[in-house]
Amino acid sequence: MSDFAQFTRAQMAQHCAADIPEGWYVNLGIGIPTAVADHVPLDREVIFHSENGVLGMGPAPAKDAIEPWLINAGKQYVTLRDGGSICHHADSFAMIRGGHLDLCVLGAFQVADNGDIANWATSENDTAPAVGGAMDLAAGAKRLWVIMDHTTKSGEAKLVSTCSYPLTAMACVKRVYTNLATLDVTERGFVVRAMAPGLTLENLQARTEAKLHLSA
Amino acid sequence: MSDFAQFTRAQMAQHCAADIPEGWYVNLGIGIPTAVADHVPLDREVIFHSENGVLGMGPAPAKDAIEPWLINAGKQYVTLRDGGSICHHADSFAMIRGGHLDLCVLGAFQVADNGDIANWATSENDTAPAVGGAMDLAAGAKRLWVIMDHTTKSGEAKLVSTCSYPLTAMACVKRVYTNLATLDVTERGFVVRAMAPGLTLENLQARTEAKLHLSA
Amino acid sequence: MIDKIVQTMADAMAGIEDGATVLLAGFGSVGQPNQLIDGLIEQGAKDLTVAANNAGSGHVGLARLIELGRVRKIVCSFPRSSDPVAFETAYRAGTIELEIVPQGTIAERIRAAGAGVPQFFTATGVGTKMAVGKEHREIDGRMYIREDALYGDVGLVEAWEADRWGNLTYKLAGRNFNPIVAMASKLTIVQTQHVRPLGDIHPDHVHTPGIFVNRVLHIPYGDPGSF
Amino acid sequence: MIDKIVQTMADAMAGIEDGATVLLAGFGSVGQPNQLIDGLIEQGAKDLTVAANNAGSGHVGLARLIELGRVRKIVCSFPRSSDPVAFETAYRAGTIELEIVPQGTIAERIRAAGAGVPQFFTATGVGTKMAVGKEHREIDGRMYIREDALYGDVGLVEAWEADRWGNLTYKLAGRNFNPIVAMASKLTIVQTQHVRPLGDIHPDHVHTPGIFVNRVLHIPYGDPGSF
């Protein structure tokens, strides 16, 4: 691993943020995805949505300026930009299920090269599974991007030909940002858009269970 | 017809109004039903609903105090009482379909003694049928009462054993107020609650195709 | 900077295609996007399917669109509003198709389209002509029929206030079908009486969030007329 | 005079029966009817089915109700909120049944119950464990599963403002599940921070009209705590 520089978590979030155009309605999942918002400059207006009916979130509040009635789906305190609005849970998920979100960014355990995503349970018989809004977001948003480490801590591939963990949704991931590469999910499978500096396709493939392609 | 005094339209509306307890949520159809509201004293709080998302209507406005943005489903100008509120059409019909209205009062062409109602079309092949919200109201309200003349102008019975006109909804009418009588729809069929002064049950039955019963 | 406010009717109407399904909000003349309907007449799209509560009155607006032969099919609950001469003439001549839908069912079908619900069951219409040919299902001892989402390619909406993100409020009975038409349409075009600076509309008071809105045209016409 | 405002917690909770299905609004501790949940604990009803987004935290509120063995079944999207020790203990012991439902599906199922829609189709969960055993249907080339309305015998709601007709407003993210829980429940019980004179809440700003509300209890507890 010493012959190349992995992308940091901040860089992964930056890569994703750079690809979000002004005017998109975007839901960011818990974890690294939430950090994407920090890398979208305020003058590029992107409208961030949270499942609990909050639309138009701004930067995190200063500690002495917390509004206790304003949290996101991760139960963190948030702010609203001018132009923000509130709706109830059914209307909020109507936005999601009705295909009104341009983008959802989630973390994942595994992504398959047909776009399947597994991000909510690590075994078929988790004692008390917890899904939250992930299935609605994955199935409902116009496009789903994933930010995750390229492999597990023990080195197992997370970009796979078939997910072994329980699915969150089928055939919906369009792009994956990892600490090693950015990849599109296409009809051919994973197509590499960018790699960490110094990394070769062979090295990347060695850390990827699914077959990788270069863009034509 | 000279041996008894028919109920006037105002009396029919009064009879209905007298049976509405405080606190009910009530939708009044076009025609005589609309007049029911005039006979509910303001200090007996009954909350009137209109299909176009208006809840808590008060008396008709004075001509010089019309609010042009406030109409009912009959497209008449209305007022809102303190405590009134507005919602959109889907939420308004959620109130109806979801069984939240205590009462709907409609006019009708025919009512059958099993509670079927026909009030929207007078033949099976009306050129351009128009149903509005009648089917939603009849099927959705907790109880449906009908106000109508006892017979057609040409003397045909409107209280029948089977509706010959196209149905609005099945088995939902609970009470009928006519110019000759007030009747409950029960498991036995029509049960007479009140008759116009001087009218005999024989006379009433002669004007009614369905079998009439007296309350036990 | 997001700015959904357009300056001309031509910009508002750009891209509406022949054969489109157009959802028209409004109930009576209150909250009805009359100027946008005139804009659609001017724009020229034809072979339209129009869903609205009524089928037009007199010779203006939707009635005019029908008289011009631009409406292939109308989906509505009450085509017998005041003076529906244009619709009735076309209907008798067999040049327009009519799909009659109970008012609550049309509202729920539009809401379902906006909410990503392709089919649902309702008791409205069971045992009536409306149920003929429809899927029936008994659920917990009561009979229901299946109804399908009603999607709009284009939605025409009238708002009381709007901002540049497309957040809307409505005034009193002007709300009616407007919020659900905005939800259900791929291209939601709004005429608004008032344009507000971003942030002027309180977040708790927004009726239609801008996510459901594509274009806003400022048309301060005042109170609705009679109907 | 209609007056839905009750004076005591006992009056608010009167009549909740063993075996009832209770819908709990709230998301995190914001807009969560904490005092009403305490009232339910005090009231004593058992063998409850509880639907809520989470399954309780620590040893208070819903977690306490579970620890007391009063919850037969929980319907929720995310039983792994912070410190779900009470739920997990009961779940491992096999003394509580869990129905896990995607968050948007639980919201739409509650809304459907309020709107008189007994069944609907959604794409959420297709191809996952959630779809096992459910009715599938392909509609316009996409696969959907059927979901059923989730009715409440009792709904517990937290409002920001209420009047004696039961009209409610919510503050910011305090809205969440509250309006749909109010719609879907036969007996909707509200705790409100503020009681307003009738007419004080503008008709355009009412979030939950009183038709969906049965009882209101004034509990001015201030800001929500941490969660």
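Labels for the chains are A, B, C and D, by order of writing; each one numbers its residues from 1.
Operating definition for what follows: a contact is a pair of C-beta atoms (placed from the backbone, for glycine too) under 8 Å apart; a residue touches a chain by one contact, two chains touch by 3 or more.
All of these numbers come straight from a predicted model, not from anything done at the bench.
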item	value
Between B-D and A-D, the pair with more C-beta contacts	A-D
Distance from chain C to chain B - Cα centre to Cα centre, in angstrom	29
CA centroid of chain B to CA centroid of chain D, Å	35
Chain A and chain B: spacing of chain centres that average the CA atoms, whole Å	55
Chain A, residues touching no fewer than two other chains	80, 86-87, 90, 93-94, 96-97, 140
Multi-partner residues of chain C (each touching 2 or more other chains)	108, 111, 115-117, 122-123, 170-172, 175, 203-204, 207
Touching chain combinations (by label order)	A-C, A-D, B-C, B-D, C-D
Footprint of chain A on chain D - complex, ascending	27-28, 30-31, 55, 77-82, 84, 87-88, 91-92, 98, 100-105, 107-108, 110-111, 122-130, 170-180, 207, 223-224, 227
Complex contact set, residues of chain D against chain C	108, 112, 115-123, 137, 139-140, 142, 144, 169-172, 175, 203-205, 207
Residue ranges of chain A in contact with chain D within the complex	51-54, 67-71, 73, 75, 80, 86-90, 92-94, 96-97, 116, 121, 124, 127-136, 139-140, 166-170
Chain A residues touching chain C - in the complex, by the definition given at the top	22-23, 25, 43, 45, 47, 49, 55-56, 80-87, 90, 93-101, 140
Complex interface listing, chain C residues touching chain A	1-2, 111, 113-117, 163-165, 167, 183, 197-199, 201, 203-204, 206, 209-212
